[in-house]
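Below is one structure; the comments refer to it alone.
Note that the chains are named A, B, C, D, E and F in the order they appear, and that numbering of residues resets to 1 at the start of each chain.
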Amino acid sequence: MWFIRDQKCRNRSLICIAMQSYLHGKPYKRMSLVTQFNEYRGKMNERIMESDSLIIKRIFNLDTNAYQEGALDVKSKELIGLTCSLVLRCDDCVKYHLGKCKEVGFTTGEVHEAMGVATLIGGTIVIPHLRRAFEYWDDLQK
Amino acid sequence: MWFIRDQKCRNRSLICIAMQSYLHGKPYKRMSLVTQFNEYRGKMNERIMESDSLIIKRIFNLDTNAYQEGALDVKSKELIGLTCSLVLRCDDCVKYHLGKCKEVGFTTGEVHEAMGVATLIGGTIVIPHLRRAFEYWDDLQK
Amino acid sequence: MWFIRDQKCRNRSLICIAMQSYLHGKPYKRMSLVTQFNEYRGKMNERIMESDSLIIKRIFNLDTNAYQEGALDVKSKELIGLTCSLVLRCDDCVKYHLGKCKEVGFTTGEVHEAMGVATLIGGTIVIPHLRRAFEYWDDLQK
Amino acid sequence: MWFIRDQKCRNRSLICIAMQSYLHGKPYKRMSLVTQFNEYRGKMNERIMESDSLIIKRIFNLDTNAYQEGALDVKSKELIGLTCSLVLRCDDCVKYHLGKCKEVGFTTGEVHEAMGVATLIGGTIVIPHLRRAFEYWDDLQK
Amino acid sequence: MWFIRDQKCRNRSLICIAMQSYLHGKPYKRMSLVTQFNEYRGKMNERIMESDSLIIKRIFNLDTNAYQEGALDVKSKELIGLTCSLVLRCDDCVKYHLGKCKEVGFTTGEVHEAMGVATLIGGTIVIPHLRRAFEYWDDLQK
Amino acid sequence: MWFIRDQKCRNRSLICIAMQSYLHGKPYKRMSLVTQFNEYRGKMNERIMESDSLIIKRIFNLDTNAYQEGALDVKSKELIGLTCSLVLRCDDCVKYHLGKCKEVGFTTGEVHEAMGVATLIGGTIVIPHLRRAFEYWDDLQK
């Protein structure tokens, strides 16, 4: 038995499954970008929370609370999370908030327009991140 | 007759008026942060639009259109504008969107909370910009 | 039949071809970084242009026009595009402009020097992006 | 009676005192950069803590605790605070941490070298902030 | 005798001269943005070079050499310096390179277009810096 | 004979070894993140130093010298390198300095706390980079 593990956990399962499918004739079903992202995020968040760093734990705790309803509703906060992540060009943050935007009921038209405004604010340097964001949003619809 | 003009136009009128008030006993009325910002912004936008740069003109034009109602309403777009400006730590952009946020009817509680989420996303490095944003928002209420 | 697809499309074809080569003894020819970049960029740009986001479409349109000859010639504009992309540490933007720099006739010495100035401006934090830029430029020469 | 107040509170007292000194022949004693910074910071932090934003209050609270002794001693943490502020090019953050660095006993040679490493990491774009940091550190010695 | 000194040296001389002009009826001649920038930069660079920081001295030395003719000519290098400074939103760096761009013979049309491309790359967040850059360039023509 | 080469060299050897292990029943031993990082970094640094770019060579040389003992000891300098890399969100720079932090004797508790302070300064946008940093530090302990 063997096991592949790479830096971003992206390809591990894909390759195993693909090789097994190929060799054994089993049908191949790819792991979506969404599953890959969630798995790595979940695993590493668990690892971080096991650590002894009080500062990090408090930041994580505050991060969870901050997006709950307050003076602003949950949708407004996710819109902030998505667009700030995009102008700061953080692909993983964008993915996380795209997932949340879907959960709280944003339409594709709304998400695309929000990302358009963010691209205008952040400049054409944002475009490569926009490509990956479009791809991830499409995956979320499947 | 004399005239003071400084880099950011901040103090010019203040000083003239203050000196005249002091010397002549006239009552002094300060120019608010809001007026100072709007005057400089207006003057320089005019100067830029007089130039021959087609690219800049098209960016300005697109910037104006982008914040109009579309798939998202105007309030959502101003929320994006405010928070993206804050995480990118652009004081003048924050001021502009604070002015717009007031125009479109955001309450102080909503604006403070939005800026809180942005500070969490952007880190404590945002705090000095948050101070100036609070001061400007307070000035907008006067 | 099976199909591997990963987040950045980097390894998909490589793995398929490699496995087929290995199992069937066919000679293997790798897909260059250049082809990988162009394929993903092309596919996703098409996807984005299919969307209903007017803001994004206008940004893309402006982006195309901005690099055409004007007061500055095309080479000067690509130099701006390359170095601004590098100081902003956007690997995909750097790749795109390296491709263009080759098209418009920059030599390796000129490209390396431009990237040196950009690294000085942006600091040692730029160095990992410089490594990938050197690798991509070398691939463009093949 | 009159009163000058400008955006950054920098010049208010200076001008009043200067005008009074000039007109009345009183000796003038300037307000140092240090006093100006601390006054504005203190005033606005108080204003922010009066607000109803729970997220901001928790960030401020966490910020205070994070720099206390833990696995790392206080000096190491201030070194982190100073250099991260400098590479992120936040003048006010740099000023705050320079004040703290003096309090916890860093020498001028140590502070200059730390800022040198930060300038190398962040690039020549940091130099204008380095100038202001040198000036502020010199003021702290007075 | 009195003396005003503020953080950025911007207003010191202005105010002194203005008050003296006003009180004594002497004609007032303002200090340009260009002179203010060059004076502060010169003074602080001297202060930094007096220090014992070898790293900083080597960065300054490298910075001077990097913009001399090499594989690229001096004009190309100043174009890189100007636009990278603008996308990184460093007002003082932009001012420095605008001064150099004038020295090496760039026209207003060329400078405006270069700044247009940079604004497109860096986004609307660059616009406040573009306003100050236009003002400074205009001052350089006087 | 075949050969897989991808952009970041991450998976090349992994896949070859995995396929060979699978097909031939050999036990599989993965290449660690640490080895992958060091191999690519070493190869590309060599490539860059072969080039004719004097500016880049001088930056590399200065980078090597800057982290040697001076007014600050080597541990303080690595702490600066690690945290500045993290707030600037450069994964490869973080990896490099994590490797150095281990060499100079930092404990896991110290490294986690330093990264906690950096995350507070840089905001939640740093968290995805923190995940990868935790994973890499864990790999360094193996």
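To be clear about the criterion, contacts are C-beta pairs under 8 Å (C-beta built on N, C-alpha and C of every residue); 3 or more make two chains touch, one makes a residue touch a chain.
A quick note: this is a predicted structure, and the numbers were derived from the prediction, not measured.
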Set of chains whose contacts include both chain E and chain D: A, B, C, F
Chain pair with more C-beta contacts, B-F versus A-C: A-C
Label of the chain whose CA centroid is most distant from the centroid of chain F: B
Inter-chain centre distance, chain A versus chain D - centres from mean C-alpha coordinates, in Å: 37
Distance from chain D to chain B - Cα centre to Cα centre, in angstrom: 23
Gap in Å, rounded to a whole number, between the CA centres of chain F and chain D: 33
Chain centre separation in whole Å, for chain E relative to chain A (CA means): 41
Residues of chain B engaged with two or more neighbouring chains: 11, 15, 19, 52, 54-55, 59, 62-63, 66, 70-71, 84-85, 87-88, 109, 112-113, 116-117, 119-122, 124-125
Chain D - residues contacting chain C, complex: 87, 119-126
Chain D - residues contacting chain B, complex: 2-8, 11, 15, 19, 23, 40-41, 44-45, 47-48, 51-56, 59-60, 63, 84-85, 88, 90-93
Touch list for chain B against partner chain D, complex: 10-11, 14-15, 18-19, 21-22, 27-28, 30, 33, 36, 89, 108-109, 112-113, 115-117, 119-120, 124-125, 127-128, 130-132, 134-135, 138
Partner chain D, residues of chain F touching it in the complex: 62-63, 66-67, 70-72, 76-77, 79-81, 83-85, 87-88, 107, 109-110, 112-114, 116-118, 120-122
Residues of chain B that touch chain C when the two form their complex: 52, 54-55, 58-59, 62, 65-66, 70-71
